[in-house]
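My structure is below; once you've seen it, I'll send some questions.
Labels for the chains are A, B, C, D, E and F, by order of writing; each one numbers its residues from 1.
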């Protein structure tokens, strides 16, 4: 079997996975899982290709983060691959997501979900609330996503946070950071609810004081970034944040209380220069290291 | 009101419509209608933008066809615009298509549907069979589309012809021209059924003899063209036809017996050079003139 | 006629227009009109496709502006479509623009012109000065556009502001905001004239005090934005503004004194990711709501 | 000056020119000259970038033609660079072209013009007819180009052959090969005039017998190629020729009687894959070698 | 461990591999291996991304081939992933390729190599000749590749066949099919050697008679296809074959004598519409099934 | 020779060169030279096309800089064209670069090198240190480039600054500005060495005080810019600078002490909108004028 061992040495052992994170079928530590679904996307589809694009773009990144002075190879991370989702309406997909995230949590993994469209987050939050009834969800997003169903779809991408609010119920809590687009009624609710924050690290920091000790879930709709920084998304909205603002927001969040995160709405077909995929991959790396950190 | 009439003379009166075909809300003669739906597309979506791309590309074409020596401005044609379809599963969309095509036929219009994905054709054929029980459907396509449901969707794009066969029942008939991709079982059925023809004008001509006098519906899945000629589609399949072959196939079909047609599966986001939209627009023009012709 | 009314309910009623603004042939309130002309563009042409791209991209936007807390469906707006301009030299186009804008003003409409290249603005300003001799023109732009003719063309895109100065004469006034490119002679004139301002809301605000009560026209050459935010233009110039700066500039302008505006120099063929068209559409929305506002 | 000679050896000596053809300001043998003009283009502009794209793409080609078994470095060829044309209307450009081609002919050069839009050909033919009153022009094209002016422009790209017919007068002659798009009136003229040939080497060969001994000019509108082979053009028209057909047509033309040629209508911005520029460069190489040949 | 098994059922088990071919580290039957190397590419690089693009595009294909009426899931196929090649000069890469292919052959695998640039083929042929001294190499290609080194590189992509000839020595044999570009000296050698064939199934069939019973290696440089069918390659050469011609050539080759094959020169960055990757994937599928066949 | 002089007046005299800088084979004043090399690029290649893209994009710029209030046509500048570099490993290329820059310096030219990949800078610095042993190198970059060889290549792009440090030895000095990506070990060295500065004009200004009077070389790796501003590069890294920050950094550098500069890592194939090439050209213009200035 000399030929075999010789051959194995010549092959690379990457395949399709996030950077140097090993593929595994068993959750362990931070557990990446892709959800290639964009079935309710009303304008320009394509986020179904998001998870693979994030993995492919990660090859241009280092494993070390100068911002957090840490290397994620120090901690435990696996890449579970993608859920095998059906096409068509959202409900069966949300059910699968809820089940899969529930299983990851049962096996003491920390889910880090790569989307796919934002409707998916409802399924994740539903699974996490079952374990963490006092969950605090921090939404980083351009859009309010507070419609109560959209074009006949209960779990629409435009209803993502309405469904999360349903799941959080009385015990949970939502902070909506950076929202800059929606209907008049959505903004009226945002203003009255006290859930709306500008994309400011100072303001997020002071609001987080109210929720000390509670488990935190971060849902990152990448369209919070300005289209200059992140053109590759279905509904770009001018006036968004840059990378430095995102890094500052992340610094305010205590990583040791994070019980999951997601990175949503990359549509790589619209990302002609490839920079959006790279940004999504870097955001994923920073979230991994943040969760691994003690603060 | 001199200013008003002066202004009206300065404005163009095109708007978004096929070439010089007037927009109208009332069917009259050949009645174009777009169906911007791609909800069951399993690989690369985007045909929802097909109808508008066909209209936009038509501006580079003449209204006169040298191949048929006729100008479609000689006959009656209107552009009804697009159906206002929901997202998600296919069934409600198919229902709308069936209803709309039924209404067009009731008003003595001849439907020419611009897709959108191929699943839509089932709704059109269901409406036409109600009027023309002995309908002959000529499918120009790369894919067999004979799966009985796909990924849990009854009206899937991969089941388009299975659903048409359901609708045609005993009285109707299907000819499947140019099919070059499918599962082993689909090709076994194709071979045994006698419905399968190569993309040959001679063979189509001789088969049409069997069905003399019957009303004809032509469903054109544009991926029958080789990807060289038509790159802008979700599932390109090498080995397809060129324009001359399409023109020859069309010549064999008696236009005065055509009771409708469709032009499906243009995904303009994948058509980086724009030539697919132009081809789809030219195919639409040729179908219009063919229906207007007396032979 | 049941079939007819049923069919009408199934059709969408959008067509090609800005968001939910109705198409009309009669000016009424704010009156959008496109001028698809790029005949004097010396480097990379394509702004002739700007008006349609702005309309198409508007579908991804809301009608409500959180920045101004207003919805433009509250006011009167119509979309007149495009002028039917000839190709070749600029003079006949400018004549048409002058005539059309004159007619809109005569009918008490407020023109909001979608370009097309910047040379067009001369025709608009000529028409407005006839009605408002003390017009103040606020130019938001990267380029000085002060050449006295360029490559043999009197109404060149490089002469747009020279021609506006001609039209404004003694009574009118020009402020040139954000200019960062030109010949040495142009910048000498900018510095000496007192017309040059940095892209600063504070400085614009304080300069506007000098002109209280005068009618205002805003000409927005979209290349004032940095190419990061607005790549889709013929002559991108690094060092421009971001969306927040534009929004701040707009806040300083009293909307109730605005008698017109334009949005120029979108070249959608160069906008491979589509974000430039979205930005242009959002700028158009904000200008509409600004004009509708009382301050 | 050792450093200088050392440096010169390290530099490449290509610059921007066609393959290994030297840049020169003096015509000598076959004389390439670019005309970067697209001012009357009514649909999608960009052929102004054609000449440089042909030069840039030539780097991927060999100087040797297997089809003609000859290498163009065997003969005399220079690249004069581009004419310095104004923007706007066509007339001053046509005047420049006529003057420049006249000068090349006076200096015993053979003009090979790289476009730019097809209107330019009128200026070339006007200059050549002055020297060769019995000139035979062979047009390879998709479009008839027989309109008598278009959108108010005498020398429009849509009138290119109408203007050539004017120049040829009684003594000259035109053959229109491969035309497949035009208005009804243009095709009526084509059919009646006897000038229209299909893109068939056999038919071109037999027609050429009628004009034995006469000087020949070949005007190649690259849109004669099918858009599959040549997507990079403003008005692609499905149904065109492939490379083998072009090579066969070229074989029928006696190169020793050719007194000039042009290669028109490459719009490289629309050529996203770059294959159109390569085809245009290869066609240019084959024309050079054809003119150099003795048959 | 219920959660675990539940989760495994939700995950897809594809990852990055060719269609439904399982990833494996051990050769078994037909053994796919990628070589992501383009270090000597002199014009437009990017074939290093070829192997992954072929795998990604395979998702749009069926496993069944109507042309060969066979499904490759019937036979034994594995995907070994990619060699982990260094950058820079070709020699160390060729050494790795020779070693890896040697190991595959030692383990009774049949190598099917996905490139990468054509220089790689020399390493494959060197390994195969050690086992099969009477090897017949059938080159399907646009370029002669007979330069003896190029730009100082012994194993250059322009020398691929010169190096194969070295390896084949007296015992082996080369047939060069479809060559249409090269220097004069290369074509002189092609004509004199008797190795040159047009891309004609008839001629290939009759030449194969001379070599009955000998083991066959097929090296497919995808640029044998016309750029219309295969734009995604560094040095496109107009005048190539279409899919039907490739299929006909393949039919003439006895699959049961094939001891390996390669699919080279896909540069997916240049393949803006994605059709080249699909064609490369379909060619790979057809080669797999051909090798599995008994004729 | 009237025809000749007439013709010369009609031709433009630009060719391929930077803006209005004349092509020359003899260095004189600031001497631009391109190095089209990307042989060690490990991820996405294409910087070999950088020099020509910078020249082509310069046509959209003015020769006058408002920021520096100077026009570079006031000083002496020539464009030497490109080095004729081999492919494959870096060492022979670095040798050529060292030789060429040495020759330029010997002839009292000031080298301004257009890349190509960053490894090239080592050759330039080696040549300059021979003349200026106390050289201060200011690196503007996203990546530390401090690996000691990478993938077996001594002069790798990932080792560019390691090799510069070798060349600078004891007498020279390096400042590394804006670095935001690297391995843990590289950042440990950055922090300990005192060579690392944030991209802050204030901090650069204060550090420059330490090195008063010493000759300065500026190496600009364009990926210091955020990918929003500069998408066209092989390894984009989110979190970079904008144009205003670059301009501020440049203002702190005394131009009269600059003995050379480079502009590296533009990969125009990845720059789908063209804005990266324009930014690179504007940075080149600003560097020229900075060197020409007295402060």
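Criterion: contacts are C-beta pairs under 8 Å (C-beta built on N, C-alpha and C of every residue); 3 or more make two chains touch, one makes a residue touch a chain.
Keep in mind it's a predicted model, so treat the numbers as computed, not measured.
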Interface numbering overlap (same over half, different under half) for subunit B and subunit E: different
Most distant chain from subunit F, judged by the mean position of its C-alpha atoms: B
Of E-F and D-F, pair with higher C-beta contact tally: D-F
For subunit A paired with subunit E, centre-to-centre distance based on mean C-alpha positions, whole Å: 40
Contacts with 2+ other chains: residues of subunit C: 44, 226, 228-229, 270, 272-273
Graph class of chain-chain contacts, one of line, ring, star, complete, other: other
Residue ranges of subunit A in contact with subunit B within the complex: 38-42, 44-46, 48, 86-90, 92, 151-153, 269-270
Footprint of subunit F on subunit D - complex, ascending: 3-4, 6-8, 10-17, 23, 25-27, 33, 52, 56, 80-84, 96, 99-100, 102-104, 106-107
List of subunit A residues in touch with subunit C within their complex: 43-44, 179-184, 187, 226-229, 231-232, 234-240, 270-273
Residues on subunit B engaged by subunit D in the complex (per definition of touch): 59-62, 64, 66-67, 69, 71, 226, 228-229, 242-244, 247, 272-275, 278-279, 282
